[in-house]
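One chain, chain A, appears in both complexes that follow, with chain B as partner in the first and chain C in the second.
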Partner chain A sequence: MIARLIEGVPRRALLLLGVLLVALIVAPLIASDYLLTVLILILYFAYIGQAWNIMMGFAGQLSLGHALYVGLGAYAAASFYVHFGIGPWLGLMVAVPVAALAGAFIGFLAFRFRVAGVYFAILTIAVAEFARVGFDHWGWTSGSSGLFLPVAQYTHNDLWLLRGHPVMFYYVILAASVLAFILCRALLQSRVGYFWLAIREDEEAARSAGIDTFHYKMVAVVISAAMTSFAGVFYAFFYNNLFPEQVFHISRSIEIILGPIVGGIGTLFGPVLGAFVLTGLAETLTAALAAAGVDLPGAKQVFYGICLLLVIMALPDGIWPWLSKRIGLAERDK
Partner chain B sequence: MSALLTVDAVSKRFRGLVAVDRLNFEVPAGGIYAVIGPNGAGKTTLFNMIAGVFAPDSGAISFAGERIDGLPPDRICRRGIGRTFQIVRPFPALSVEDNVIVGALLHRRHVVDARAHAHEVLRRLDLYDKRAQRASSLTLPDRKRLEVARALATDPKLLLLDEVMAGLRPTETDRIVAILKELNRETGLTILLIEHVMRAVMALASRILVLHHGAAIAQGTPGAVVRDPAVIHSYLGAEDVS
Partner chain C sequence: MPADIYLNVAVGGVLTGLVYGLMALGLSVIFGVVRVVNFAHGEMMTIAMYIAVTLFSAFHLDPLLMLVPIAAVLFAFGYVLQAGMINAFITRPEHSQFLLLVALAIIIVNVLLILFGPDAQSVQTSYSFDSFQIGPLIVDATKAYAGIAAIVVALALFVFFRSTRVGTAIRACADNYTGALVVGLDVKHLYALTFGLGAACVGAAGVMLVLIVDVTPPLGPAYTLLAFVIVITGGLGSMPGALIGGLLIGLTEAMAGLLFTPSAKSMFAFAILVLVLLFRPQGIMGKRTTS
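Up next is the complex of A and B:
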């Protein structure tokens, strides 16, 4: 299993991955509280970027509404916790199926009725917007006034209920990111991965090579939605408050896709690198502005815009395909 | 020989224009069958109906004794009909090898097995040495052979070739002709091809069907067809009589 996963990966790439992993594991020992929250945010975006990449980077289906799955996951787990005292891990049993169903619903509508390309993207936005408006008016989840999780003091870490110090959250999201990375690698090397790439490259040619494109696109959407919902559960328990205007907002969906675009769509390391570059630099900028005593609301968004512009103009495939060639880590062309 | 593919009174209209008009023919198992005819004769329409891109308006298409008209392209491929496109469409960002692995995975669960099969097919089509290249970096003749390789990797009983020789130099044409002949002889693969390059048709086909305005104007062995006055008049031109 492991042998298959690392088959064809250059030794130097493995070494680098190992160093990065060790660095991330020991990071909380030396990082300040502030740096730790930045790292949590980076890993959070690396994780969701990976999930979004399955749909767009692998299967070629552009979703601009991934906030939907984050929000559904977050609300499902949070409301079960608030109303019934059911912890987040059990809450996942609700969050994942709910998000997967939503993904299946969008996928079915689009793929059955041949809604493709930008129209598919618009459909994903529309459903996320429906959810935002719907949750705004749904009493059980406290509507637009927001759902709050009871916050306790950090006397001890309760991993089962996800209550505790940021360090615990850090390791949870680190583990999730590592698992997502491994899962994506395994998927890319499997039968379904090959079929996804074929669909991404040329759907009609894929069909004439015997691929049931409807089925495999559905699989991509459902896996991506299910994975993303975990990020929502994490979000709810980390931030302890949920507002439909925030979690379901289209700006959230855009935030999710920036990392993979900057890092490299369709690559395994792109979402990770993109999250580090974007979130890392944006937080540095925010900190620097704060230190200089400058108050510039929206500076982060402008910064994201500039980054996106630069990458699209200079490296349209993203930073990672270019960088990996530069440092001699390029894998066989996928 | 029994018929592997039977086209029975098949018609297709596009907004009143009759593309294929009550066409009948049978492709015997193990044969190489060519469809020729001038542009707009309905050849590609016929192919697209067999391959499932669209369904005939009337008539029936049977493959290995079962009706296949109206089935979608992926189901038809799974029944055992592989196809190439007139304008080649390999998966551009994938390597040559991965292109063929996609085809090979149709009837294989594991990538390892599919890769082994893909290598076999690539060797047969003289593409093995280029397996690590991106498909988009190939020359046209190589891309044409890659299309054939990907279709072959799906283990078809019938291979549909839509003008694979078009745009190739005579030496390249002869190379593909030799490869197809060998495939037909060694594996018993049945081939149905649309072709304009008469040099290839005459070298390959055991039977020829001539389409004109969607209808068959001649059917038979290559020798007989090229001497048919109707064929000469509508397609080959007078200078080909000799």
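Up next is the complex of A and C:
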């Protein structure tokens, strides 16, 4: 199993991955509280980026509404916790099916009725926006006034109820990101993965070759949605408050996909690199502007936007394909 | 009498819908020719709205009189944008174009935020509270003027595409990119022209809309979404479709605001979009493509 996973990966790449993993494991020992929060954010985006990448990077289906699955996961687990005292890991048993069903619903509508490309992207936005306004008016989840979880006690860590110190959350999201990375690698090497790539490259040809494109696109959407819903559960228990205006908003969906696009769509390491680069960039800008004494709301985002522009103009395929060639770690052509 | 209320709200919705339609027309023209989805469309409209607000508060210039000059400014903005940036992205994949325009949208929203602050700004003209009474119908003067102006601008655009040489050349680019290159058309220039026209449309729509709604920087993304909903409902790339989609969405929003709650109105617009995508994916006026 492991032998298959690392088959064809340059030894140096494995070594670097190992170093990165060790660095991430020991990071909380030396990191300040602030840095730890930033690292949690990075891993959170790396994890969701990986999930989104399955749909877009592997199967070629552009989803601009992934906030839907984050929001559904977050609301499912949080409201079960608030209303019935059911913990997040059991809540996951609700969150995952709900998000997977939503994904299956969108996928079924789109792929059965041949809604593709830009139309598909806008359908995903529409469903997410529909959910946002719907949750704004849904009393059981407290509507637009927001759903609040009892604030965590830092005195002891309760992994079962996900109540505790940020360090615990850090290791939870680190484990999730590592598992997502391994899962994506395994998927890419499986039959399904090859079918996805075929569909991404040329759907007509894939169908002609006898691939049930509807089926495999559905598999991609459902896996991606289910994985994303865990990020929602994590979000709810880490931040302890949920507002439809925030979790379901289109800007959340955009945030999710910037990482993998900047990092390199369809690559395994792209979402991870993109999360590091973008979150790092945002935090650096905050610090730099504060140091320069600039106190303008919006100034940070302007610089952020300019950096995005520069990256996409200079490196259309993202940073990782370019960087991996530079340091001689190019993944074998997929 | 309740029937009056429904009728008045419906007429108001249709007039606002015309302005929405003009906004969406800009998006549709750009997509129909350049094949790029302008994810900064609503943001470009807020630029026009802020220009109108500023001209009004500084010099008391009526937005409707400033319609042509402001549309011209947006035309120039759109032309430069396409010529300087987007032309290089024409052959790139959708997600790459998406990122480019989203980055641009982020920059526009936040530059406006820095320049004008987060508070809502509006234009109060001498006719802001006027209304026309036609039988039982009471129509807001601002909405009536805005709706009429939207029709005039849309008609001008139709005439341009149908009857001028440049308009015909642009349609040629849209129909057959390679063919247009072969017969010696300057496609890059025509693309820039088209993007400029789309920007001018949304600019004109913004000037009209500023009479009806208050402007804040975050309005941009909301209207980008609304423009998508309208164009897809009407048929992406179809000019009459954009106007009809605008009318339909304007009417739906107004009725939903009256019958349910105004904050839920966009839900109905999205519901219509989902229905259209299911039963007529090419949109109300769109042509069915074979692929």
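A few notes on this one:
Simple rule for what comes next: the second predicted complex is superposed on the first by the 326 of 334 C-alpha atoms of A that agree within 3 Å, B and C clash if a C-alpha of one lies under 4 Å from a C-alpha of the other, contacts with A are read in each partner's own complex, and residues count from 1 in each chain.
The definition used in the following text is that contacts are C-beta pairs under 8 Å (C-beta built on N, C-alpha and C of every residue); 3 or more make two chains touch, one makes a residue touch a chain.
What you are looking at is a predicted structure, and each value in this text was computed from that prediction instead of being measured.
In the superposed model, A:212 makes contact with chain B only, not with chain C.
Look at A:145: by the touch rule set out above, it reaches neither chain B nor chain C. In the superposed model, A:201 makes contact with chain B only, not with chain C. Looking at the shared chain after the overlay, A:191 reaches chain B, while chain C stays out of its contact range. Of the two partners chain B and chain C, it is C that touches the larger number of chain A residues.
Interface of chain C with chain A (complex): residues 31, 37, 85, 88, 92, 94-96, 98-100, 102-107, 109-111, 113-114, 118, 217, 221, 225, 228-229, 232, 236, 261, 263-264, 266-267, 270-271, 273-274, 277-278, 281.
Taken together, the chain A residues at the contact with chain C in this complex read 56, 62, 64, 109-110, 113-115, 117-119, 121-123, 125-127, 129-130, 133-134, 136-137, 144, 250-251, 254, 257-258, 261-262, 265, 296-299, 301-302, 304-306, 308-309, 312-313, 316. By the touch rule above, chain A contacts chain B in their complex via residues 189-191, 194-195, 197-198, 201-202, 204-213, 332-334. Put simply, chain B touches chain A in their complex at residues 51, 72-74, 77-78, 82-83, 85, 89-95, 98, 101-103, 105-106, 109-111, 114, 132, 134, 150-151, 154.
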